[in-house]
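Sharing a structure, written as structure tokens. Questions coming.
The letters A, B, C and D name the chains in turn, as written, and every chain counts its residues from 1.
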Amino acid sequence: MSHNTFGHLFRVTTWGESHGPALGCVVDGCPPGLRFKLEDIQAWLDKRKPGQSRFVTQRREADLVKVLSGVMLDADGETMTTTGTPIAMTIENTDQRSKDYGEIARQYRPGHADYTYDVKYGIRDYRGGGRSSARETAARVAAGGIARLVVPNMKVHGALVQIGKHKINRQNWDWDQVNQNPFFSPDAEIVPVWEEYLDGIRKNGSSIGAVVEVVAEGVPAGLGAPIYAKLDQDIASLLMSINAVKGVEIGNGFGAAEITGEENADEMRMGNDGKPLFLSNHAGGILGGISTGQPVIARFAIKPTSSILTERRSIDADGNNVDIRTKGRHDPCVGIRAVPIGEAMVACAIADHYLRDRGQTGRLK
Amino acid sequence: MSHNTFGHLFRVTTWGESHGPALGCVVDGCPPGLRFKLEDIQAWLDKRKPGQSRFVTQRREADLVKVLSGVMLDADGETMTTTGTPIAMTIENTDQRSKDYGEIARQYRPGHADYTYDVKYGIRDYRGGGRSSARETAARVAAGGIARLVVPNMKVHGALVQIGKHKINRQNWDWDQVNQNPFFSPDAEIVPVWEEYLDGIRKNGSSIGAVVEVVAEGVPAGLGAPIYAKLDQDIASLLMSINAVKGVEIGNGFGAAEITGEENADEMRMGNDGKPLFLSNHAGGILGGISTGQPVIARFAIKPTSSILTERRSIDADGNNVDIRTKGRHDPCVGIRAVPIGEAMVACAIADHYLRDRGQTGRLK
Amino acid sequence: MSHNTFGHLFRVTTWGESHGPALGCVVDGCPPGLRFKLEDIQAWLDKRKPGQSRFVTQRREADLVKVLSGVMLDADGETMTTTGTPIAMTIENTDQRSKDYGEIARQYRPGHADYTYDVKYGIRDYRGGGRSSARETAARVAAGGIARLVVPNMKVHGALVQIGKHKINRQNWDWDQVNQNPFFSPDAEIVPVWEEYLDGIRKNGSSIGAVVEVVAEGVPAGLGAPIYAKLDQDIASLLMSINAVKGVEIGNGFGAAEITGEENADEMRMGNDGKPLFLSNHAGGILGGISTGQPVIARFAIKPTSSILTERRSIDADGNNVDIRTKGRHDPCVGIRAVPIGEAMVACAIADHYLRDRGQTGRLK
Amino acid sequence: MSHNTFGHLFRVTTWGESHGPALGCVVDGCPPGLRFKLEDIQAWLDKRKPGQSRFVTQRREADLVKVLSGVMLDADGETMTTTGTPIAMTIENTDQRSKDYGEIARQYRPGHADYTYDVKYGIRDYRGGGRSSARETAARVAAGGIARLVVPNMKVHGALVQIGKHKINRQNWDWDQVNQNPFFSPDAEIVPVWEEYLDGIRKNGSSIGAVVEVVAEGVPAGLGAPIYAKLDQDIASLLMSINAVKGVEIGNGFGAAEITGEENADEMRMGNDGKPLFLSNHAGGILGGISTGQPVIARFAIKPTSSILTERRSIDADGNNVDIRTKGRHDPCVGIRAVPIGEAMVACAIADHYLRDRGQTGRLK
């Protein structure tokens, strides 16, 4: 069972609500002997941090991560070495605006988990979304920071490739652009288009969906397993576990439905270096559930948040019809901040399969 | 770990290769007291069975399922009652064409798992695809037959909604049509279009992708769990575990990326019967990972098989460049037979969450 | 996998080392709607707390538990209600004596995990035993405090029944005595015997083993499952996971090897209240892995700690022969403090099976 | 969850009842490239087979094992090589005596799982014990046959060390004796004592308990993990899952409660070969949950079967008091046949931890 845990040999358990004192995670199964500094993990949290542009929620959180276990500190007081024991990390909640939740506590916001939580549990922490708040994803990003250390030479990076109907031009793809704009766009040309479009969305108090693409490079061939432990299956599972995600693709994805076997299958040749070479990567780096050694490519679709200013019809916990308008902090495109979260999930899935394949102890790496 | 097992309280383990004596599954966790006849399970296998039209592989398999454990037989010699112990089912392989696999044994077919299996395991059963053969899905369909019994009044049905670029007209959707044509199409009008198109594909020895949609009706609200045991996450995981699947969507799916919060969120009102009523189902029956009580809707994309007549570039296990043409039985659109397989996966995922929610013993249902 | 996690529907993950800033646990799967105060959990930690008599380690820890998530606080500021989300609890380490670990860092104490940790991980936190410190059990006891709430009317209590060769007289068993002496002895008469014996052990800087018995009353019939999810199996697994435990028994235990079927099997009769009645409880409340409704009875043996003042032969990490004497805080009978830990483990195992049987949501209890 | 499955990387799922057509198991996670003949597995089943002396049940079963998947056959038609895919094995039930189960179907035999199965499931296969029959252990022994292949140079062997109050003399221990007598006794001198004693038990229609010891040699140091994946914990769990087992010990076991730290801890010295050497093995080859490289030693107690000729008081499913006498095949000491079963469980636990430590693919061994 895995209500709040994922992974098998690299296991992550997260906990915490939007308005509790803190949230965090326990990363279990990290191999011993990996070395890092706190700032290496913090960097990923900074990338996900709210309030960094007018296009994302204005909640202000420092999101400073602490490591409470699982490491030994060098004499420099900075460098940590993993010991193979569980790594507990916490992040304090600081910007929990106190307000009167009276109404919201009983009303079901359309498109939110309010109704289903109440049906399932008969009780729900309505403050800021409680457990279903996107704040939970801070813990994922921290865990992903550890996962990135597990597979030597792996690089996992992501980009926003679509907002609403506006898709990037893939010809313009430039990884260096991704951190140069508030959207993680790899296409510099689309940035002004998205800015104008999102300003309109924002001013209307509306919201819009998006698509994120994550690419993992340096993934060795042979990770994953056929049938029910496919690498792509586990990536799909974790991406689908992110709040608001409604679709996941690997490689050609739904595009594969539209093309022929000739077009879709990746041919091979021996490379000049005497190593097998794929001549294309329609498969997204995974065949039969097992990595090919090519970049692993995944995409996922994020729905628009339903926290909008327009009044919407709903009901409350007492069975009354009500009309709801979500006031307060507003996030016109939650897909933007999903980029580092998607990266973290892909990194964790690959780290898990790396350890399944290689085993869990340092001496055999 | 779950290399060949999926599910938690409703657990399915499958085994068997294309060219072994048999394949099968063990369904563990099925509640006691469910009653069925063998023909109830066989019906689903018949739906998946190869050789039923010119548009699918011509392998001939009776695919007769046997139940070896987990049930008690009524005096009528037909009706079985589950006892709560594991249900083992087997299906014999009968049409294992003997042929010389000499070349294939050493060559990697582009787009197949041949190369990745060899990288991972250093050995692979090349006969008919071995474990990566789609024959494994017969065991899934048998397990799905049991899963369908677990949730009272649940109906899981699927349809093919796209072949290549030819999509159905959703206005024409008629569930009664699905079993009236060789494609499981819910749109009678597209059938001749698909026939002509696929005949072309077939005559060229080519192949084409497809999209399947599965709808589960009668799913009670409250199944699933937030964060890492989302119902949609587990459905996505299982659909992605089917051979050749490259993308999965829930509800609006990737379409949700293109619309606003106003368009996407499902409003609610109290129904005349005093029960909560959703006014639309963009969410595909799941909010925050938990079922809403509306139909659960999932779609998945199947790539075209890479077993095609056109010669393709590849390598062999000895590091030589080779050119491969797949002779023998040929499947122009593997997506067609994926319909009952997708149904089985969705049924199993929901059954698992039903038992997590309700517990596993008969007396408390 | 479960390196630092146990349980399935009631899942506990612990983390933390002896000399880190804190240790803690995440309790996942606790049903919603359970109500408790912090002092209810703290009480169990107080029972386990070190330094309460001269017969246990003199480390001084307040062992104050904090609840960071998974609950909503009543207006009284004290009463908490579980929400069904993960309950994170932490306990700070306060008495981490700074000392020079120079020698110990490289030497393997005989009977400790020093050598095996180094073989496995190639690195080990030698400060106070690191992860293998008995401080980890504080997190278990906190988790057990939650587990005790899960099964209505269940009472789990334990007692020390043997120190060295000195066994209690079971005729004298009086639960009210258990908290009246520093040994959790149910037999008042043996207390002076144990005191004198342990004073001798303590003064010699030696140590001695012990046996603990745990009894769970109010366990409903029908918990557990046959074959590989037996209730006794899971209790045995958790008791054996406690540091220094070398043996586990259910009911008659090893005594069952010595008697006949006539003596061992528990006969039944219908009770005057129309309910089934067992006439004895040799089985320890479990038959075929499933609870009978009688008290569940488990015992476990704890070895003497190998941290003793007598010089012992060993080696160091560089392959030199060394002679080791363990200085510092000394625990003549670690078995004493194992009583509340054993209780916690039994409570957790039963809570897990209760939820497997009944399901996880509040509405169906 | 693991109702009928155990292990993580080396996973075994068993199925089947006493009176169904067959029983079997699926072994998942076996590494590729292991070579064996069917007779290698059959040999272990033959050791467990009923009817081999007057001291065990007279049921006659050939217990011939078949391998249905997961292997490729050599040209010799005999040698199999594992491929890394699941190995399904079946064993047919042939001696299912037809008889009238009318009374037994409704009556609860004291000391059996009849009552608890009915409480839990509301239905039970009363024929020959159904799922709770010791026939299930044939599947364990087959799985153990595969497990023995996983760890290179590991030898797992067991012996009966106690029947009733009659213990072997450990001074006489001689492994070569074990297969020379019908009891798997390592002590030739006790054989006539046991024969006479058991003949008495058998003639009275009574039964008696026993203790089995299993020793695994050639277990590399470093297997297992601290806290909740201790090697001894997993061994204890699997031994306790065997029918009728009521107690489990590792190394000194309950004896460790009676001795001092000086006596119990195993001292070390560097050996002449430059390798670490333990001077004793009180720990039973496991420290802190991790193997030391010494032989792993486990013992378990088996209760006497409650199927005896003496009339016993009980109730039936309708709430009537009844008196029961178990007619038919009778097993005076079920502990004897538990020897190969215990060996299989220990082998499986070690194989699982070996793979967790080393990973699952052939290329890294």
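Just so it is clear, a residue touches a chain if its C-beta (ideal position, glycine included) is under 8 Å from a C-beta of that chain, and two chains touch if they have at least 3 such contacts.
According to UniProt, the chain labels map to these proteins: A, B, C, D = Chorismate synthase.
All values derive from a computational prediction rather than experimental measurement.
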Selected pair, greater C-beta contact count between C-D and B-C: C-D
Farthest chain relative to subunit C (Chorismate synthase) (centres taken as mean CA coordinates): B
For subunit A (Chorismate synthase) paired with subunit C (Chorismate synthase), centre-to-centre distance based on mean C-alpha positions, whole Å: 38
Subunit B (Chorismate synthase) and subunit C (Chorismate synthase): spacing of chain centres that average the CA atoms, whole Å: 45
Whole-Å gap between the CA centroids of subunit C (Chorismate synthase) and subunit D (Chorismate synthase): 27
Subunit C (Chorismate synthase) residues counted as touching two or more neighbouring chains: 1, 3-5, 8-9, 14, 85, 120, 131, 222, 225-226, 356-357, 361, 363
Topology of the chain contact graph, where touching chains are joined (line, ring, star, complete, other): complete
Subunit D (Chorismate synthase) to subunit B (Chorismate synthase) touching residues, read off their complex: 1, 3-5, 8-9, 11, 13-17, 20-24, 26, 28-29, 32-33, 68-70, 72, 81, 83-88, 90, 120-125, 130-131, 361-363
Interfacial residue positions of subunit C (Chorismate synthase) with respect to subunit B (Chorismate synthase) in the complex: 1, 8-9, 85, 222, 225-226, 355-361, 363-364
Of subunit B (Chorismate synthase), residues touching subunit A (Chorismate synthase) in the complex: 1-6, 8, 14, 108, 110-113, 115-117, 119-120, 131-132, 136, 162-165, 201, 206-211, 221-222, 224-230, 232-234, 236-238, 240-241, 243, 246-270, 274, 276, 279, 283-284, 286-293, 301-308, 310, 312-315, 319-321, 335, 356-357
